[in-house]
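Dropping the structures in below, format is structure tokens.
In what follows, chain A forms one complex with chain B and a second complex with chain C.
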Partner chain A sequence: MKKEYEWLPELNGTIPNEAFGYAVSVYSIAYEAWRRGLTVSFKNIYHRSGKFEPRYSISSGDNKLVFTHTRPNVVSKEAIDICVNKQKTREFLAEKNVNVPQGLVLSSLNESEIKKSINHLDFPLVIKPLDGKGGRGVITGIDDFKELFDNINYLKNDLNINEIIVEEYIEGEDYRAFVIGDKVIGAFRRLPPHVIGDGKNSIKELLKRKNQIRVKIPGTYNMKVTINEEVKRELAKQDYNINSIPSEGEFVRLKTKNNVSSGGDPIDATQELPEDVKKDLVQAVKSVPGLLQGGVDVIYDKSTGRHAVLEINTRPSIRNHLYPIKGKAHPIPRAIIDYYFPETTGIDYSETTPRYYFDYVFVKEHILNNRLKSFTLPDHPYEPNLISRKIEFYSKQEIDKLQKFVRRRFHKMLFNGELNLVKKNRYEITIAGNSQDVAYFIDQLKSKKYISKVKESPYTKPIRVGFTFNDHYIGDSKMLKKVSQKDKEIRKLKKEITKMKDSKSWKLTAPLRKLKNKINK
Partner chain B sequence: MEEQQGISLPQLTNEIVKNARKTRLDSFAVALEGWRRGLKLKWYTKDSEHFQDMIIFGVNPPGRLFSLSSEERTHYFFRTRGDKVQNSAVEIGSEKDDTKEVLLEKGVPVPLGKGFEAESTDEEIIKYSKKLDYPLVLKPTNASLGNGVVTNIQDDEGFLKALEYVRQDLGYGEVIVEQFVKGEEYRVYVIEDEVIAAYNRKPANITGDGVHTIEELIALKNRERRKNARLNSCLIDIDIEVLEFIESFGYTLESVPAKGKQIYLRQKTNVSSGGDPIDVTDSISDEVKQIAIDAVKAIPGLLHAGVDIIINENRNIDAEGLVIEINPTAQIGGILYPLEGEARDIPKAIVDYYFPETKGFDTSKSKIYFDLVEVLEPLENRTALEVEVAPAPQENLSMRKFTVIGNVQKYSYHQWLKKKAFEIGVHGSIQNNVFDEIEIIVAAEKSEQLYEFKEQIKNCPQHATVNSIKEEMHNEPITIGFEITEKFKATNPKSVNYTHRRMEKDLINKERYLNRVNKDIQHIYNSRSWKATEPLRKVKDKLKR
Partner chain C sequence: MKPTMYLDIPTIGVTGSFGKTTVKEITASILATKYNTYKSPKNFNLPNKTREHVEDITDKHEAVVIEMAMSKKGRGKKQCTVIQPSIGVITAIGHAHFERFSSIEDVAKSKSEMMKYMKQDGILLLNNDDDNSKLINTKYFPGKIIKVGRTAGSDYVASNISYNRDGMTFDVKLNGKSESMFINLLGEHSVINSLFGIAIADQLDVTADQIREGLKEVNLPRGRLTVDNFEGNRTLVDDSYNANPASMISGLNVLNDFVSSKRKIALLGDMVEMGNYTKEGHEKVGSSLVNYNLDQVYLFGESSKYIREKAIEVGFPKEKLIHYDDIEQLINAINEAFSEDTALLVKASRATNLKRVVDFLLKNYKSIH
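Right after this comes the complex of A and B.
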């Protein structure tokens, strides 16, 4: 398959698996700051809802910003309050002549009152909760009053939403743009979950392949499209089933909803938006005092050129900007750090050092387990003559001892990297450090009696800071197998017992056994 | 050999300190005390800017540098020494010669003696030694832990031998020659005007039982020491010093000492070379206490330290005791876990001193702690520069152990429970037992939280079913946070080992279970009714065909 996308080179290989998914936004911003030599630390914050959310601070001397997801604490509280309230957002935007849909908050849910209050609006209409999040409770394309009242009742009774907005429905595609300062850094739109035919494979097979790719992409990690009733219905509409083989290049839609978490695909759409729309997006963020940045939702109709800003998200996820399946990724993290730490613009330590990245497992493990309240990353290594190497060797030494030996050297000579047990007695070290120290370390390895076949080669992949030991060799796989085998045997035997117990002859003879038990007593 | 253990502090059980060894124990005890009082606790690597101006040494692996903060202020600590102690005082304290000079000046009794530079010739030193009366001591100027200290030198020949050993063999150029004072040696811990603790350190020793050889007795003694949180890292090594020492009394390793006969194995009294710590806080005289206090006072900016005092038996100097060393970064493990007597709460005194507003906060019943190894892991791997431990719950914890039976071993269920634990605000852990059983330990500040959590256990999502919950009181110490201890983490060797062991256990259990099921089946097969109905089944099978 042709590669239709271009992602950010600095994030290639520098995002650890633990940061895949929702955390990509946080990691990529923290990473951008870190590789410029800024100090980054993570803190844990628990919401009453039980949702875990790391806060992280980025600082340079006295300038310290604390971020929640993608939003720094310099975005004012008032601005956040305005953006949460969709009606207020509309008012502030309209005030500054930003295109917004006509609409209002229903002051009463009484039918005749509603009719009165919306008589200046034309069908089709949209209803949505005043302060909803995501797409919850948003119903579009309402064509008449009956439909309107039915849906208002649905929001009221089923979703327990009482503050409802009614607004005009605008034809066009949904775009999400990231705006900071005077610039639109990037915009994307979403394709509904789909597969593209190759004339050979079934939809089922195509989807399987697509999912295999999806899980490897940091942005869509863990968001597989599963074949469910919804998908089957959608296919049936197009006269397909999961075993149909679509022709080459054919776009087969799998779901109507297109949000990325249910399998939609983000595609870069920065070029699709004309300048006047972009200007309006910048103006939208400016209209809200103290906002500085935001993810702006806009509807734009290519054929009519009409557009309207729907809402602004103060802490948007940026992963869809970073990992479009089509088009170019836009460097949102870079834009954010440039904006808040302008003195670091253009700095990138890894221009002269090996590429480093930091671990995220500790945010997940320690902070998530509420063991640590905060932790500060070590500084990005920065000194002349840093190199990275791969060293392979063979050793029968006990793993613990070998690990201790290597770890001690890593500490002493300030190396970063990993010791990997690849196969039985086979090790691999990826290392970054001062070139002389690394050479000395390799000599030390060679001089050890219990280490042999030391082989050194260049290494260009990113290096994780700190020392990590990875046991890629699962020596315990035998044990695993044994355990699962026993499980199977037990299950089989259990089945046999139930079968026996269920058999007529056993049931028939039950009275006999009871009698026997009594006699035994 | 009978067990010989003193009374340790209830809030510092062996379980709690099991991962804090040697000087890490000192740091951990102080840090834990402050943290339990609600102070903010942070740990650092040596690269942290906060310690650039503090005299520190031997700080790798991490676990020796930390800070405690209240709302108002932060204090930084290196082991037991906080930032109130000035660097100049640490410098004086680390040079035995300087210490003595300052003490002499301020009228604190010390053994007479003199220090020599590395450039000094042996002749100079010998010449000076003639001015002092034997017995003498020869020791390196700045070696800690008692390395290279030769005591009780009786004559010129011994002195020459010692000189060669320390200066040539060990390579310590700078040495001190001083009067050897015979007598019991005490380590007295002083904070300003108060003696917090005193303990006596007996040199490594064994007591005969008329059966075992000295070598065996040492092994037996080491077995006892392993049980003591402080001493398990300070076993008695049989080295050349021990061999020579016992030989000088006419013993060999094969000798079998008479029952009740106590035999010393070295001259050195350091706990780290096998000495026994014995609490003497209540029995030392006020004069000795005053000398210790005066010694700390004599050094400007010292404020708190461990003072080594020798009780002056031969009275060639007119004082109750003589100060031989001052340790601004004193180890306190010995007095926390004495072999005889009662533990003294130096961590409490230190935290009281630095944060007097938290004085009176009683942590003696505290069951909460944090796993030092886990907390320090990011520092140890250098993936973090500093870490802050999650705050300790401040109320008395009510704890329960729930044994839950059912289809409950799914990880997703455990994660769901963990989420609930955080929502409700309880600490604890989940552990898979065998088969269909899990063990949940929960600690809560309010008892309502316990009930709320118990409700949640039953309230499990679809992927799990709970058949029964057994509730028990739990009284063991528990770590902060909420942990699921079942997931196999390939990146963590500890977890791999742990999982391996667990799997082995699991395997054994499964095998047992298998046997049981097999027996059940056999039982059915062998039962008369099964046998009797055999023809029926055969007929049925035939019919099916």
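Right after this comes the complex of A and C.
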């Protein structure tokens, strides 16, 4: 398949698996700061706020910023309060002549009251919670009062939302732009969760395949589109159910809302937005005092040129800018660090030095589980004559002793990298350090009686900072053992079940079992 | 932090326990005859200063000479992270700043950072006369190594060394031809310092004539073995800027061998920053005194008492040694002793502040050129 996307080269291989998904936003910003030589610390605020959410600080001398997700603490509290409230946002933006849709907050959920209060708005309409997050409870394209009341009841009863906004539905496509300072750094368009038919497979099957790809992309890692009531309703609208087989090339919409977290596809659209829209986006962020940056949601209609700003997210996820399914990624982390630490602008260490990355397990394991209060990353290695190498060797030495030997040298010569046990008695070291030190280290390995077949080769992948020992071999062999054991058990069980089913008593008790199943439900 | 400056013009970094400023000055002076050369000012040699210096390097420059202190572990790495030398010089390994090191091997390691962090296919220059420089393990340096010295087998050898009042004359072989050189500095160490500059220049295709011309232009600030001649045939050898046992003995050699005055006196002050080498270092100077024909030796400062004790122990006449703790008293005594036909060597670390004695003499006596 032709590659339809172009992601950032600096993030290629530098984001560890454990930072995939939502964490990509945090990791990529922290990483950009770290590789420029800034100090990065992670903090656990669970003990204070009860939130399992990492805070991280980026500092250079006296200039220290604390980030919550993608938002630094220099964004004012007032700005956050305005943006959380969609009605206030509408008012502040309208004040500065930013295009916004007409709308209001429902003061009563009584049907006749509603009818009265919205008589100046025309269908189709949109409803959404006053302070919702991530597209939860946003329902668009409401064509009549019946649909409107049904959906208001759905928000009220099923989602427990009582403060509801009704606004005019603006024709066009949904865009999310990241704005900082005077610039729109990147914008993406969201295709609603959908599958494209091939004339052979059912919607269920097509979705399964789509999910298989989605879960592998760092930005949408593990974000499956699951079949729920909403999907079923949307399919019913199109006279489909999950087992229908759409024809080849047919676009089958699965949900009305477009959020990537609920299954939408991000497509780079930075070039699609004309300058006047971009200006309005910058103006939107400026309209909110103390905001500085934001993820601006805008509807833009290519055919009419009309647009309307819907809302501003003060700590938007940036992963969709970094991992569009189609188009070019935009360097949001770079823009953020450039803006807040302008003295580091243009520093790009990767050209003269091996590429490094840091572990995120610490955050996932220790910060988010309240085991550590805080920790600070080691400085990004930066000095002349750094090289990285792969060293393979053979040894029958006890693993513990060997590990100690290697680790001691890593510490002494300030190396970074990993020692991996790849097969029985077969090791591989990936290492970055001073070229003379690495040469000396290799000679030391060669001089040991218990080490043989030392082979050295260039290594260009990023190096994990610190020393890590990986026991891949043992892990795999244990796993294999477990799997084969399970297979055996399953085979045995199957045999027993078949035997049982063939038995007379099983057939006799069938109606009873059916009844029991019902009761269980 | 700024990215490292990697230049594609000859970038010379000079480090070592002593002689850095002199080698920097000599090298820059010679290179300036052929290249538009940037040199770091004065002896501003710490990483923070280097960071400022590199801002002054422009596109017009064709060569860069920077003095780099590597007087502490990690400092050399820092220096080369600011700007990476393509040609590195380690002048010598000695006991300067010894309070920061646990052994001479440690000092060698610290200076070796030049070799580890400079351009790996560049040129490293070492002092072949200095035994301690042999502690530098060059096994893993893939570039070119050039050794200079009087020692036979060096890549650049100084021979036929002679001297007069104004400086040193010596021969060095360039392109297979023996060339006579002159440097207007005293002492054999000045010959070695010149050899570094000559070797670098020769590697960069500077001709023997240009080298001679450049050596003529070397202009060092006073206090580094500068000679003043005063009325009444008085001679002052001022070496009050910096001191270590090796250079103190070298200074005494100059006074003893190169100066032709009837009466010779020396004023030796404390050598500082030598840590646990302080006693041994001063004693080394003390035991050397018997080798010289000196009329009087004045000592100043706490550590200089070790010089006195050792000198007496090895048989230097006790009555010739006078120790002072008070600078005013010292100045008076020196003023009295600095009679006609007398040569005086003033040598100590800068911190000992014998500059006050020198300033007094410069004010009180009319100099003759």
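The rule is simple: the second predicted complex is superposed on the first by the 407 of 521 C-alpha atoms of A that agree within 3 Å, B and C clash if a C-alpha of one lies under 4 Å from a C-alpha of the other, contacts with A are read in each partner's own complex, and residues count from 1 in each chain.
Keep in mind that, in the parts below, a residue touches a chain if its C-beta (ideal position, glycine included) is under 8 Å from a C-beta of that chain, and two chains touch if they have at least 3 such contacts.
Keep in mind that this is a model prediction, so the values were computed, not measured.
Once chain A of one complex is fitted onto chain A of the other, the partner contacts of A:Asp239 are absent, as it touches neither chain B nor chain C. When the two structures are aligned on the shared chain, A:Asp158 is found in touch with neither chain B nor chain C.
In the overlay built on the shared chain, the residue A:Glu229 is in contact with neither chain B nor chain C. Once the two complexes are overlaid on the shared chain, A:Thr376 sits against chain B while remaining clear of chain C.
Partner contacting the larger number of chain A residues, of chain B and chain C: B.
Residue contacts after overlaying the shared chain place A:Asp62 against neither chain B nor chain C.
Applying the stated contact rule after C-alpha superposition, one finds that A:Glu275 touches neither chain B nor chain C. Overlap of the chain B and chain C contact sets on chain A: empty, with no shared residue.
Put simply, chain A touches chain C in their complex at residues 37, 347-349, 352, 382-385, 434-437, 439-440. Interface of chain A with chain B (complex): residues 41, 44, 46, 48-50, 52, 358-359, 361-362, 366, 369-379, 399-400, 403, 410-411, 416, 464-472, 474, 476, 479-480, 482-483, 486-487, 489-490, 493-494, 496-497, 500-501, 503-506, 508-509, 512-513, 516. Interface residues of chain B facing chain A in the complex, by the touch rule stated above, are 40, 45, 47, 60-61, 370-371, 374-375, 377-378, 381-391, 419-420, 422-423, 427, 479-483, 490-491, 493, 496, 499-500, 503-504, 506-507, 510-511, 513-514, 517-518, 520-521, 524, 527-530, 532-533, 536-537.
Taken in their complex, chain C has these residues touching chain A: 1-4, 6, 77, 80-81, 84, 115-120, 139-141.
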